[in-house]
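Below you will find the structure I want to go over with you.
Per-chain numbering from 1; labels A, B and C assigned in written order.
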């Protein structure tokens, strides 16, 4: 399970340079926060299911028997709010995670990289809190949204600059 | 095309440890099933297009000429079912693939990892079958859904535990 | 920041084989175009926001104060067009990027791989242009769509063939 060699042969030196491996602390940090964000995204499905149960809003005829609902329904505000939050996750968390992976592979400053990953991921956790769980007045949601948005942009800009010669 | 060295120099030994490379059988397994799931997701677009053609339900004015439809339409049940299945894929397959990549990078037990990848991917193929192609009574869809859901959760838990020191 | 060794020790030789690193020009090319596509996807959120502002179509009660709109609204054609384009990105760009990463890891012919990545990514930029920015008659959008679609399929087929033994 451990892929980080500890002796000091030339092999080791080169191996340290494999950026997308657990021996790179930045990659370890990325792996930790990716797992947390993936878990958070999965929870959105459960939140949607809970809202559907509570309001008996089912979109498929084959789901009606579970809740003894008479017919399919759409557009319940509670269900739609969770679904909008979930879609916002797809639009922002997935690009953030993919972008961060590529950013880690570009060999950024370790301190900066770990800070960006931690802040970007935490902001998305906060975004779900203020959007789907406890709706609070703006600009709470906008601030959480633009934090991750700006970090993803910065990472993209950094990699574009790094890899411009491979265009 | 082959990046797996076969001699036994120290270099080779270290190289075997590069987890995100084709020389790692777990990564090979991940790559195979990722390709299959990506193809499956692309097929959803074709299924949507087929339903749109069949029911003449087009959402964009510029698409009307193809099918000689008089106006844009929304909300056809057949089209919406395929679209819900497609959205469910986005919500579950993409996190599963991203999570599995990170899981492979964390150096899990090869047998366990390959098993989880195979079962998780197969369950999603089954999910599409019982949701978009041949709607069958519950709990067929729920079982397929929660299989991949549980596997993604397990992988996330494993990586969180592995990488807790990099938080 | 540079992880590409230039001396000719055995270590270096093995290291050249690490496909998912910046020392591999194909990976560099992938990283460049991934950043560009991620930026493009983020811009879709801004385009949606602009359309929402312009038409005062807000889906959440807490957003109404910003634009002094009297109530939540749904289904504005301008907003929905950008949202469809954005969803189409989720359905196609994310699988394309994930598939291309796995394709790069499978060690394809460098010239072919770089060409496919460039064309596939450019086609998606064009797709957004003709869908969300300047709606033009078909088959402009269909051509852009199927270019990336076909490239993703080819990459998936290549990897399936490469990794069939790890099934």
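Criterion: a residue touches a chain if its C-beta (ideal position, glycine included) is under 8 Å from a C-beta of that chain, and two chains touch if they have at least 3 such contacts.
If you're wondering where the values come from, they're calculated on a predicted model, not measured in any experiment.
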According to the touch definition, list the chains common to the neighbour sets of chain A and chain B. C
On C-alpha atoms only, rotate chain B onto chain C and read off the angle in steps of 5 degrees. 120
Interchain centroid distance [CA atoms averaged], chain A/chain C, Å: 16
Indicate the residues of chain B shared as contacts by at least two other chains. 11, 14, 18, 20, 90, 94, 98
Quick check on the complex: what are the chain B residues that touch chain A? 10-11, 13-14, 17-20, 80-81, 84, 90-92, 94-95, 98-99, 102, 105-108, 135-138, 141, 149, 152-153, 155-157, 159-160, 162-167
List of chain C residues in touch with chain A within their complex: 1-3, 5, 9, 11-12, 14-15, 18, 20-22, 25, 27-32, 34-36, 38-39, 41-42, 44-45, 59-63, 65-66, 86, 90, 94, 97-98, 114
